[in-house]
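In what follows, chain A forms one complex with chain B and a second complex with chain C.
What follows is the complex of A and B.
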């Protein structure tokens, strides 16, 4: 059976139904048994007349990264699609509307720009939809019909998803849209019977676990629900808002509350208040909101209050690039704020990890009485992957609060200094354990104390506590052969999938390369990271930021040559870029 | 005949028997001698005692400033947060465990300045929390800068030519924000504080207590004990606190009356 690696792009102007068509394509392909990874690109303005592009990579094996080459482009707007030409494979297939409402301006037809090896398939998307449903609005669905016919995709999966998606708009709209799809399908079968390119379909999955098509944000919401989240506090911000909306539809039914509050400061404040009473709480935000939360995060470090905060990074600084991806909040997450404020920072690298790390953030926060920051990024939050439905054991998310012994009633010290740095924590409502928590430096009782010895002692305690959390954090994972490596790639967050993809390609080419995945960013496993670096002749750290923040954090562990690969473009780092750098580094060594 | 010493001894005994000090922690307040906060402390403590609330069922949340230190002086649970953020934290506490009695305390800089953005939302959300604003119209802990409620013309090191901005009226703000219980009180009248606190804590919803008080160290001009004592008077007999519009109209022209300005009448059972 042929392995399939197919990247399909749909490009249009906002309002063309581009994102909707991409979503339907992902759902139908997933239903047909393909593995999928998809990520959309859209403007920050809702009515901005911007370009919308959906990119989906399909295959039989699990997809871990998008590549920068597209095999098939559906053009819903030729003028917009022209910008995608550089990213099309030499032999790409292009589907376009060959009867647009007004003649396409001179030189703006995609057909006029296609390279010779490309295959063009024109179909009157608008006319087909208008004839089938009475409205040209369904042109995106007619285009999907053309696609399905051309590749011989399972059409029932499309029909079912279309019917479901438009059900809320009435039977008439749903049926009309299915007819638009069918019109495209019939057209291509009739018009291009000799040029069809049937795609092998994966064998019917036997006994496989249930698959879900989830975005990173959905996985974060599900992870929080699995951990028994009680209260969610949030403030709208791209790309974290869908987490709040997802939970708003589900948490109340489980007895929890979702509150959209007046700002991010209020959100983190309420999280601290809720967790103070023992009720698990969370907030999610992006860079600008995270900056506002900083002061209360440092208060939580000092007062030793649990909190779970998702920072869904986007392009910065400041308001930055609201709908573009970047990994530039790392140092703010780890070090941000006044004073020495050790806290736990973890970063998932794919949708499944978004679920698990979010769920596990709650017991971590409870056990270590600290803010836990789950660091994601736009490319992770908004991508969709079809994955086996994740689950987590009740033990893994069980209440991790260390309560004081009952005989301490009346003599309880909230910040008792212990070898682990963890002090038993009494919840409000417990008789005889009244105490104060504070962001002022305090003695073991929680009473302000600014004496030199006390500040040293308490700083030591807080640091010891967080370093101790390493025992509960996933150690870095190595990929590739053991033994000496010419290039060892160290990656985190959404970039890891691209790094692993690149390393796999390089290994297929016979190169001695490996990859290290780091999900525990603070504290981090120094020994394990250093061991990997020590067996790499050159260490490559690819990151979606300008300053090399992971390198700043852990680069000091490397005793050999460290090379950064940084990109500040707002778009994901693609495997081909990393692979090119690997080739360059190995070539340098050999020349 | 009772000698003065005898009368004093009897008074001490009656105070001891009232257990009014039990709610105080062993920490000595950091406030200056003569500070109005002592009166507020006394008023709040009395209310909590008279309501018979278990100390471990009370959480006092504060921000930063002289009033921010309040929780350390009470034998309840306390959450000393950062500047201006007592209300968000207090709401989180109440949602986290609705059985707790939650008080947020803080000064005028904390609540009307840096934290002023939280006040309207806490009021309109109407969670069952109690917010006590200690309004001495000055930043005391930083040694005497003008606050959002400082009267015009107040000369400080930070305002050598005198303040020029219109002062905020916290009672008026609370009424316009939709708070369902609004009282104006005076640190020199602890009994009045106790009475209003008892009613406000019983009130199911957001209760706001605007307490006039004096900074004896940094304000020798406006909100001095003398000035405040001469100004304040109870709301007129027969005042009906059930009418928000009339409360607002009164507060617009009356800076001096004390008492419960507004209490939303209880709704029928849902």
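What follows is the complex of A and C.
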């Protein structure tokens, strides 16, 4: 069977239906059996301005990262698409509207810029849609029809998804949009019969598990629902808002509540209050909102209150780059805030892990009575993968509250110092278990106590507790050769997929390289990380930040050469970039 | 003053030669070449050899895409000029993009010509002009043992040679349409027919009347004097200049673009060359089209020289002889019969 590795990009102006077309493409291709990974980027500004781009990578094997080169571009707006030309493969296919409302000046058409080795397929998207449905709005669907015809994709999957997507707008709209799709399909078959490029379609293996096409944000929402989330509090912010939107549509039906509060301070405060009463709660935000939450997060550390906080990172600092990706909140998530405030920070690396780590954040928060920060980023939140529908056992998300023994009634010490650092926690209102909680340093009873010995003791307790959480946190996973490595790549978050893709390519080329995935960022498994670093001649740490924050956090464990690969462009770190660095490092060693 | 902007429409032998010459004589000019074909320029005269499997696809290619970068020319492939506005001095492309020019060379070549009486059989006949045509020939010949050639232009003779090399049975309706646009004498006809027969080709007498596809897929062919059949019918009636898009341009169009002996089309900076040009010969006081690869190249070069400021005349000497294993035809543009 031919190996398929196809990256398709749709580019248009905000309002062209670019994102909608990308979504339909992903759904149809997924339904046809392809593995998919897709990522949209859109402008921070309001509708009507700016460029929208969807990029989808399809194949038979599981897709773990996007690459920087696009094999096929659908241009819904040539002026916008011109900026994408540098990212097209030398032999890329370009589909474009060859009949704009009036002739354009030289250079305004993408056809004037495409390299000769590229293949141009012009089709009158607007005209086809207008003739088929009475409106040129469906030009994005006509373009999908052209694509489907060109690649011989299963058209019924497209028709079915289009019908479903537009059903809410009425049968007439849905039918018109399907006709627009069919018009594009018919056009390409008739116009380019000698240039069609049929794509092999994967055979559906028997007994294949149900697949879902989820974004990272959807997976986070599903994970929270699986964990029995009761209350969600939030304030809208890109790229976390879809989590609130998703839960708003689903949580009430499960007996929970979603409340949009006035700001992020209220959101974290409400989460702490809810969890304090025993009701699982969550909030999701991004860098600027996370900064506002910081004081109350440290209060939760001090008061040992559970909380689940998703920090969906975007480009910073401050309001930064609202619709661009970055991994620059790591140190803020681990250390942010006044005082020594150990807390649990975990970072999924793909959509499936978004589900599992979010679900598991709740019992972790309960058991260790601490804020658990699920650290994602725009590239992970907004990416779409078709994955086997994840599930988690009831045991894995069971109530993990360690309640005090009944015989402690009347003599209950909320912050009892224990070998594990975990103090039994009574829910408020439990007779005989009245207690204080405070952000002030306190003794075992919760009474403020600023004496030197007490502060030392309670700081030790809190640190011991969090370090003990390692037992419940996934150890780093190694990929590649088990022996000595010329280059060992250590990666986290959304960058891991690109790192693994690069390492797989390097191994295919016969290079001795490996990759280490870290999902537990604090506390972290020092021994496992160090063991991997020790067998790597050079350690490469690729990150989407400028300062090398993972290197700052764990670099001290490395006893060999550590090389950082940092990118602060707001766009994902692609496998080819990491592979290039691997080649460079191995080349240096050999020269 | 900015560098002049020249456009060549066509990337065949005439257009390519014009590009080479322009970059040589006007190196500062901004040059754009528009090619309808979605691939590299190729040598059409080698298509029969390609069909015969005597050369591979790469050997057909005249210039790689990288060559255009090297000479600083912009090549637009898979794009077609659909209108010429001589007042605005703009070319409109099929995707509705307007290209302005200071100088223009029309080297659009021709399309396989099918005489009007045979239009109804068009879909049953296979021409050979493009790479796609050649690929279709190769594909169809896998299942076919006998081929009928109708018409009989220079490409047709070369295809006969290719088919014989492939051990195919070849029949030839060698009628009055043969050797168009030259007008050979009956003696030339007879000699050519003899050559074909000596090569093992069955010459079918008469003029094509009818082609019918039988239920078994074979084609039943009727001429005014005989009946025969074939698995595949090749159509070789020469090329018709591909100038329909110029109809409203204001250029003088007859069979092709009428140009003077300098290939000048009557509008400043506008020239035509190759199969699409109909060149005036002051001595015979008439226009004629040329055929063949070498003539196209020669005209492309002259058009470019003149666009670059020269005043070259086309060479009226009969210098281009097509010789296909004894079938010799003078392809120079005003000679009306073979040598």
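One rule holds for everything that comes next: the second predicted complex is superposed on the first by the 589 of 591 C-alpha atoms of A that agree within 3 Å, B and C clash if a C-alpha of one lies under 4 Å from a C-alpha of the other, contacts with A are read in each partner's own complex, and residues count from 1 in each chain.
Here is the rule we go by: a residue touches a chain if its C-beta (ideal position, glycine included) is under 8 Å from a C-beta of that chain, and two chains touch if they have at least 3 such contacts.
Keep in mind it's a predicted model, so treat the numbers as computed, not measured.
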| item | value |
| --- | --- |
| Chain B versus chain C as contact partner of A:120, first or second or both or neither | second |
| Partner chain(s) touched by A:436 [first = chain B, second = chain C, both, neither] | first |
| Residues of chain A touched, compared between chain B and chain C (which is higher) | B |
| Contacts of A:102 with chain B and chain C, given as first, second, both or neither | second |
| Contacts of A:355 with chain B and chain C, given as first, second, both or neither | neither |
| Partner chain(s) touched by A:195 [first = chain B, second = chain C, both, neither] | second |
| Contacts of A:265 with chain B and chain C, given as first, second, both or neither | first |
| Touched partner set for A:112, first chain B, second chain C, both or neither | second |
| Chain A residues touching chain C - in the complex, by the definition given at the top | 96, 98-100, 102-106, 108-109, 111-112, 115-117, 119-120, 122, 194-195 |
| Chain A contact footprint on chain C (complex, rising order) | 38, 40, 65, 68, 75-79, 92-100, 132 |
| Contact set on chain B toward chain A in their complex | 27, 54-57, 59, 61, 69, 71-72, 75-82, 85, 87-97, 99-100, 117-118, 120-121 |
| Chain A to chain B touching residues, read off their complex | 230-231, 233, 257, 259, 261-263, 265-279, 281, 295-296, 299, 303, 427-440, 447-448 |
